[in-house]
Each structure stands twice: as C-alpha cells, then as structure tokens.
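Input: structures, listed below.
One chain, chain A, appears in both complexes that follow, with chain B as partner in the first and chain C in the second.
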Partner chain A sequence: MKQTAYRPHFILMITGKVVRMGLLFFFFQAVFLKVNHIGQWTYDHVLLLFATFQVVDYLMSITFQRNLSSSLPSRIRTGELDSRMVLPAHLLFFVSFEEIDMMDFFSFLPSLGFLAYVCYRMDFAFSLTQMILYTMLLVNALLFLYAILLIIATTSFWITQSSGLAVIFDNLMKIGRYPLDIFEGFWKIFFLYFLPLVLIAQMPSQALLKALSLESVLLSFVATGVFMVFALRFWRWGLTHYLSAST
Partner chain B sequence: MKAIHTKNLSKSYWFYEKEAGLSGSFKSLFRGKKVSVDAVQGINLDIEIGEIVGFIGPNGAGKTTTLKMCAGILHPSGGEVKVVGFIPHRREKGFLKHITFVTGQRNRLFWDLPAEEYFEFCKIIYEIPAAEYRRNLKELIELAGIGDILRVPQRKLSAGERKRCELVAALLHDPKVIFLDEPTNALDLISAGKIREFIREKGKAGNHTIILTSHNMADIEQVCERVVIINKGKIVCDEGIRELSRHNRFKKQIRIVFEGPWALSQVEGLGDIVRVDAQEVLLEVDRERAASVASRIFSHHPVKDIGIMDQPLEKIIESFFRNGEAVG
Partner chain C sequence: MSNLLKPLTVLKLVFIERLAYRVHFSLQVLSGILSSIIVVFLWLAVYRSAGQGIIGGYSIAEMVTYLLGGGLLNSFILTTAENPETSQSIQDGTFSSLLIQPYSPFWLWFFRDLGSKVFLLFLGCLGYLVILFFFRDYLTIWASGTHLTLFLCSVVLASLLQFFLFENLSLLSFWIENTYGIRFTMRVIMEVAGGAIVPLSFFPQILQKLFFLLPFPYLIYLPMRIYLGKIPLGEVHREMLMEVVWISVFSFLSMVLWKKGLRRYMAMGD
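Right after this comes the complex of A and B.
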C-alpha cells in the first residue's frame, strides 16, 4: 500500500522493470543469432528457462525478497524489530511478508504473458502431469530461495550488517536464468550440489521439457527441505542473540 | 499472580569498540577490541497487578534492557522473569495479547498511512471483537484527543500527535501490562502533559499495570505510585514515591521570602543555600531541624512568606545516580 501512495514513482518503477526484462530477452535473441544450441538447450528451451526464472524471481520479489534481504536486517540493526516482536503474530511470517511489493506485482503480469508466449511457441505440448510437476517445482524453488535469504538475514543478529551477503546472493542467483551447461568442472558441481541454483528455474523448466528423472525430482525436494530446516533452526537461534538497539 | 516477577534477572552482551577517524576505522576493521557489558545484574522485582511503577536511572543504567526482557524482546542471560504468569521470551500468543510496549524513540505506525489504517491492522492482529474494538477505539480517541487527525498520514503529524496515535494503537487490545519506554521523549511541554494525562487516566481504572521509564521527573511524579531506581544494572531503590521523598536521608527545603531589606548573613550557617533570588532564598536543612530553623527565621527576621517542603524528586534521584548505593 505504501508504494501506491506515490503515483509517478510507482509508474516509473514498473516501466523500468519491464524494460529490464525486455533487454534480457533481446540479449538471448542476440546470442542465438550466433549459435543454435547451448548444450542441450535450444532457443525455445532457453526462453522457457528465462521465462520461468522471471516468474520465480517476481514471485519472490513480490512476497519475501525485499523483506528478508533488506528490511529485516535493517530492523535487526536499528532495533525496529522490537515493535514486531511484541505483536501476537507469527514473527517470522510477519517479517517475511510484511510488505507485499505491488510494483513487482504489476511488473509480474508481463512476465506471465511472456511465459504464455513461450508456451505458445512450444505449441503447449505439455501433459497435465508435467504442468503439475512444473508448479510443484516452482513452489520448491521459492521455498529454496526463502531458506537461503532467511539464512542470510539471520546472520544480521551477529554481523549486524548482512546486506553484503544479500548482494552476493542476488548476483549469484541471476546465474539461475542460464542453462547450467554453460559451466564446467568446479562451478558446475558447486551450483549443482552446494548452492543448487538449478532448483530455481532449470528443474521446473526441465519438468516441462520431459528431461527429469524421479530421483532428481525427489532430490530437489530433499535439498530444499534440508536448507529450510537449517534456516528455521538458525533463525530461532538468532532470535536468542537479538540485542535490539539502545534508545 | 504477580504482574511482573523477576529473580536475579541479568543480561550481558558484547560489541566491538571502534576508534574515531579513518585510521581508527581501518584498525577496528582488522583488530576490533571486544568489549563486554553487564547491562543488567541480578534484578529482583515484584510488581502487582494495577501498580504504576516508574523505572528510572541514568543513560545506560539497564532500565530499557530490563523492560525489553520483560516484554519478551530480549532473552535474559541469566535469572528468571515472569509476566502475568508467562515466560516472556517464549513469546506465546496469549502473553503478547496481554502486553504492549511503547517507546518514545521509535514510531510503530505506518509512516505514509493514516493512524486509522494502523488501528484496523491492530484489530486484525490482536483479534479484537468488532464491538469491543469500536468501544475501545471511541474511548481512546476521546482520551487522546485525536478525533480530527485519524485520516492524516503519519508523516504530516507533529511528534506529539504521532505519539498519542501510537498510544491509542498500543492500548486498543486493552493490555494488562503496559511498558512505556520514555513516552514523552522529545515532546514539548504541552504534548508531554497530554501524554501524561492519558497514561494517568488509563492507570486510574486499576486493572492495568504500567511500567514507565523516563528522564522527565514530571512523568514519574505525576503518573507513578512507586519508583524503582536502577543504576549500573542494579536496583538501588524501590519505594513508594511519597515514602521516598520523605525518607530520613533526604533533606527538607525551606523557601523564605523576606519583607524589606535583608542580608545573606541572616541565613548563613542555618543550612545549605540552594538559591538566592532578590527577596527570596531557598535553604536545605536536615529533616529534624527544619521546623526549628523555620521558626528561628520567622521570629528573628521580617518574613513575608515561608514554606517547608521535601526535596524535589529530581534531586533525590540524582543522589542515587551519584552514589549508586541502596537506600538504607
């Protein structure tokens, strides 16, 4: 609601976000003028990956991204968390979804349109099972990102200023919109097993491209579960170390 | 059941010290000096339901830290604390519905939105039944005198108006325990007076326990029945506000207004001269000598007016801050 209070700012921010998405689309077009495939990924596959990434990215930024990566660390540092802690609401839920980003909600609609356009290019050749799996993996991607951002935000209880970590992750996360095939050796293993960015867009996209085994689907859910359990425990432990700020 | 019970309540923390300037910044970046602080050291406190208690002390005494432990914001490092039967840092929903915490330094209302919007938010989050919400809101709006500013964005209000809106929001759910941390901080005299009046009115009913910290002695004198003085993390005095000012260790003040010409030598040696102003002089004397000194002045000198009173609370409290000792 706060963001809609200033109309010119609201409109300009939405325009900027749509332009940014358009530029990335042109980037992929330019790349595929020179090559036909990136690994196993065709132009349409890469567009699906990009559109899926955009959907996950926007869903995250509409809901919890700004709250966890910027607002919560700032509230921990300044002591503003105090006023949230005395409310009879689930604290983590409250601080994670305190501000729903209306700007990104309106920017999200063109992303959905873009995903529909990509599906149209691919003749909507997807089964119901594939679509259900796609949706489940999208939710899984959001939960994975939530866990990572929560871990980063929780470090603020000790290091006070965690925005540096949030910026690092924000940049790393963008790797998720490219096929993992562009990496070799260490980085491929790193992004597959240690910081599984493949969970963000590649796994859901592969669900639609019929390129997923049952093992890899289960492994995706287990990996997210592990990150989530760790994040929640870390958060609870962090709360016991909250020092507020002097008045 | 006590409203608040603490036993050996303690809180320690640490931070890295930073030297001033650019070189200091670089130095502390690589070799910061770790400093540990015992903010609260074994506080024992029992507050009954319906009491209005002033919690006072110099900056850094540990009063806000104690309040925050009682409100469930901070985890104690040691000891125990119970508020209306709950352990605060567990932050159970039932507990949080029974308390409220207002600080004069920060504003919890939505900056860009009117207070009415935040009141609606409170109604939902505290699950206040509609009829009770309407009744409480009406009563509090009248008490706070904010009827004409309900739809004005918070950023357009004065600090005093914002604070009154915040108090209304904080009390909508009719909490049993009200923690007020310097509620009149940075307010002008009129606004501070209105806030005091508001708190006093709420306290009159006797079913709210109010714990108030303040550096403004008028807040304490006009609102509280009991005063807890804390210094360096320890309680140094816990008394009824009237008993405190009548305590034997504190002097009496004698205010004399002379009739016609007078000389300072007339009062020298009778007590400590606090202030001299034209025809008026203010003396401080031991309590047991106050009556005889006043009588002697009255009988030996032309006096227009004379009065005996307790030392102001501010001065009494100052003595605790200086000495850091318990009242005996």
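Right after this comes the complex of A and C.
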C-alpha cells in the first residue's frame, strides 16, 4: 500500500526494471551477433542463465535483500533493534522478512515470463528430474545469498558502513548472470571455490541443461550449508556485541 | 561575494561534504570499478571464443579501452549525479529556504552537481589507475593530441547534457510527487543507449537507428569514439554540434520548467 501511494512512480519503477531486463536481453543479442558461443555456452544457454539470474535476483529483492542490506544495519546503528528484540517473534526471521517488496514482485512477473520464453525457445526439453533439481538449486541459491547478506549485515555490530559492503556485493553478484567461462586462472578458482557465485544461476541452469554431475550438485548444497552455518554463528556472536545505541 | 567566488564556494562545500563521507564514496567508486571489470572480462571471453583479433570493427585493445573509459564516464560522471537534490528540496519544502538565499537555486544545483562529478571523477581516476595497470597490455592510447582535446571537450559537453537532461526530470517535482521512478528509468535507458556496456554499433540495426534519434549516444559512445579515433576528425565537429543542439534544447526546457514550476510551487514542510 505504501509503495503504491505514488502510483506514477510505482509504475515507472516497474517499467524501468522491465526495460533494464529488456535492454540486457538486447545486449546478449548484440554479443551473439558476433560470436556463436562463449566458452561452452550458446545463445540459448546464456539466455537461460540470465533468466535464472533474474528470477533469483527478484526473489531475493522481494523477500530479504533490502531488510538485510539496508534496514537491519540501520536498526543496529540507531539502536532500533531493541524494539524488534522484545517482540514475541523469532528475531532473525522477523528482521529478515519484515518488509516484503511488492514493487519488485510486480517486476518479477515479467522475469518469470522471460524464463518461460527461454524454456519455449529450448522446446521445454527438460525431464521432471531436471526441473526438480533446478528448483532445488534455485532455493539453494537463495539460501546462499541469504547467508552472504546476513554475514554483511552482521558486520554492522562493529562497523558503520556495512550497507556500502552490501552495495559492493550487489555489484559483485552481477557476475552470476554471466557464464563462469568468462574468467580464467585465479578469478575462475576464486568464484568457483572461495566466493561461489556460480551457485546463484549457473548451477541451476546447468542442472536444467543436464550438464551437472551429481558431485557438483552435492557440493553446491554443502557449500551453501557451510556459508549458512557460518552466517548464523556469526549473527549470534554479533548479537552479543549489540550495544543498543538508543538507550 | 563576487560572482566567481559564489560557485567556487559551492564547489568547496561539496568537496568538504563528500570528504566527510569518504568511505561511502570510496565504496561507490569500488562498485563502479567492479561493474566495469566484469564487462571487460566478458568481452575478453567473447574475443577468445571468436578466435578473431577484431570484432565489429574493434580490436581487443580498442574494446577494453572503450569499456574501461566508458565505465569511468558512466560510473563517475553520468550515473552518480542524478540531480536528486533538486527533486528532494522541492518535495520536502527545503526549496523555500533556497529561494531566499542570495544565489539562484538553479545555479546552486548546477555547481553542486559539477562538484560532485569532479570529486567522483578524481576518486574514480585514482581507483582506475590500479585497473589500468592490471589491463595495461590491452589498452590503447588516444589517436592524437587533437583527438584527446576533442575527447575532453566532448566529455565536458556530455556532463552538461546529462545535467540538463536529469534536471528537467527533477524539475517535474513541481507537478508530480515523486520523480525517482522516471529518473531511474531514464538512467537505465541511458546506460545501454549511451553505449556504456557495449559500443552501439554492436546492436541490431533497428535499435541503433532508435538510439541515434535520442541524445544518449553523445554521453559515452561519442567521447569514446573520438578518443579511439573511430570518427574522422572532419566529422567530429558535426557530431559535437549536434550535442550542443541537444544541450540547448534541454537547457531551454529547463528554463521553461523552472519558470512555470516556480509559479506553481507551494511551500511544504516546517
């Protein structure tokens, strides 16, 4: 309701986001007018990767992104977290999903349509197992992103610029919409093993393309599990350092 | 205060303000650099996959130079200053206090925007030095001294064009409650249609025709083509003249919106 108060603004924001997706689509088209493939990835594969990235990105921004990257750090800094702590709800759950972004929900719908278009281009040639695996890896991607954003938000207990770190991660995560094949050497290893941005869209896309081994699938879940356990422990430790600035 | 001293004071104040939030702006610079690097890596992969030295008339060195130069212009001159101050002050009523100051709010916003751009460009250049060193084998130097001079002139014009374009959108605050949506949409279009992520000649013909009907190609595509010597020197003046025409159109529109808006303005807030 709050977001629709300025209706022209609301509509223009959604339009802007849809236009951005459309222009990025044309960008990929421009690239593939000059080459047939990037590494192992064909045009359709890259479109699937891009559509998957968009879906994950929107699901994240609808649910927890703004809460963790902007609202929570601000509440920790100002001491407003006090008022959330006394509520009869699970604190982390509450602060993570306090505000659902309906604007991004409406922008999300065209990205679902885009994903459907890409699947149509590929003749929906996917088995049920592939689709189930794809969905599981999408959830896995969201959990991974949640863990990263929670780690960044938790640094607010010590530093005042965690929202800046979130902006940097937001830019860094754009790597996820390109095939990892664009990197070589050190960077490829870094984004594969140390900050596995491949989990965001590449793993789900490869699962749908039947280009993922069982080991890779299991490794994806394990990697997310490790990040999640670390994030939750870090959050609990951070809470013990909360100074409640307002009181 | 003399006429020259006023803008200098505004610029100085902007610098002091920005320095107070230096960590925030450094992170912003870092974000811009990251975005540029990602696109460069993508194009390096495209050249590798194509197995050709030249794609779409651009050698690998020209492409990397284009993307890093375009990224610098996009991140630090064009997209960082979207004239939110104009919009915000009209919406929250702080515009009233600006009206009684011995300086036109319009010029205040202009010089604050200029100060912001200069500050971020300076910070950006420092950050980009590291990146330029990293990609030093892929870079190409300006075609000639004349090209460099014309490139710098076109960057100044691009900066003016961007200011007036977004100032017009911000001045719509006299009529509509929130202009962020329209500015956001314009920025999104500007980034692609301006040539920030790929030279416009790479797009399908129909899109190229559409983009060239708009003012955006003068923001990044034109300066970078001048830098790389992709336009014959004899044709540069015609392109820059068109840029000046766009600036004149938008500055005239700003004047009209400003005058009409002032008559409509109702002070809100305390």
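Simple rule for what comes next: the second predicted complex is superposed on the first by the 244 of 247 C-alpha atoms of A that agree within 3 Å, B and C clash if a C-alpha of one lies under 4 Å from a C-alpha of the other, contacts with A are read in each partner's own complex, and residues count from 1 in each chain.
FYI, a residue touches a chain if its C-beta (ideal position, glycine included) is under 8 Å from a C-beta of that chain, and two chains touch if they have at least 3 such contacts.
Since we're looking at a predicted model, the values are computed, not measured.
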item: First, second, both or neither for A:T15, with chain B first and chain C second; value: second
item: Chain B versus chain C as contact partner of A:M85, first or second or both or neither; value: first
item: Partner chain in contact with A:T129 - chain B first, chain C second, else both or neither; value: neither
item: Most chain A residues touched (candidates chain B, chain C); value: C
item: Which superposed partner A:V31 touches (first chain B, second chain C, both, neither); value: second
item: First, second, both or neither for A:T240, with chain B first and chain C second; value: first
item: Contact residues of chain A, present in both the chain B and the chain C interface; value: none
item: Chain A partner contacts - residues on chain B that touch it in the complex; value: 13, 60, 64, 68, 71-75, 89, 91, 93, 96-97, 99-101, 103-106, 108, 110-113, 117, 125-127, 153, 181-182
item: Parts of chain C lying in touch with chain A, wherever the complex brings them together; value: 23-24, 27-28, 30-31, 34-35, 38, 41-42, 44-46, 49-50, 55-56, 176-182, 184-185, 187-189, 191-193, 197-198, 202-204, 207
item: Residue ranges of chain A in contact with chain C within the complex; value: 6, 8-13, 15-17, 19-20, 23-24, 26-27, 29-31, 33-39, 161, 164-165, 167-168, 170-172, 174-175, 178-179, 181-183, 187
item: In the complex, chain A residues that touch chain B; value: 1-2, 5, 79-83, 85-89, 91, 239-244, 246-247
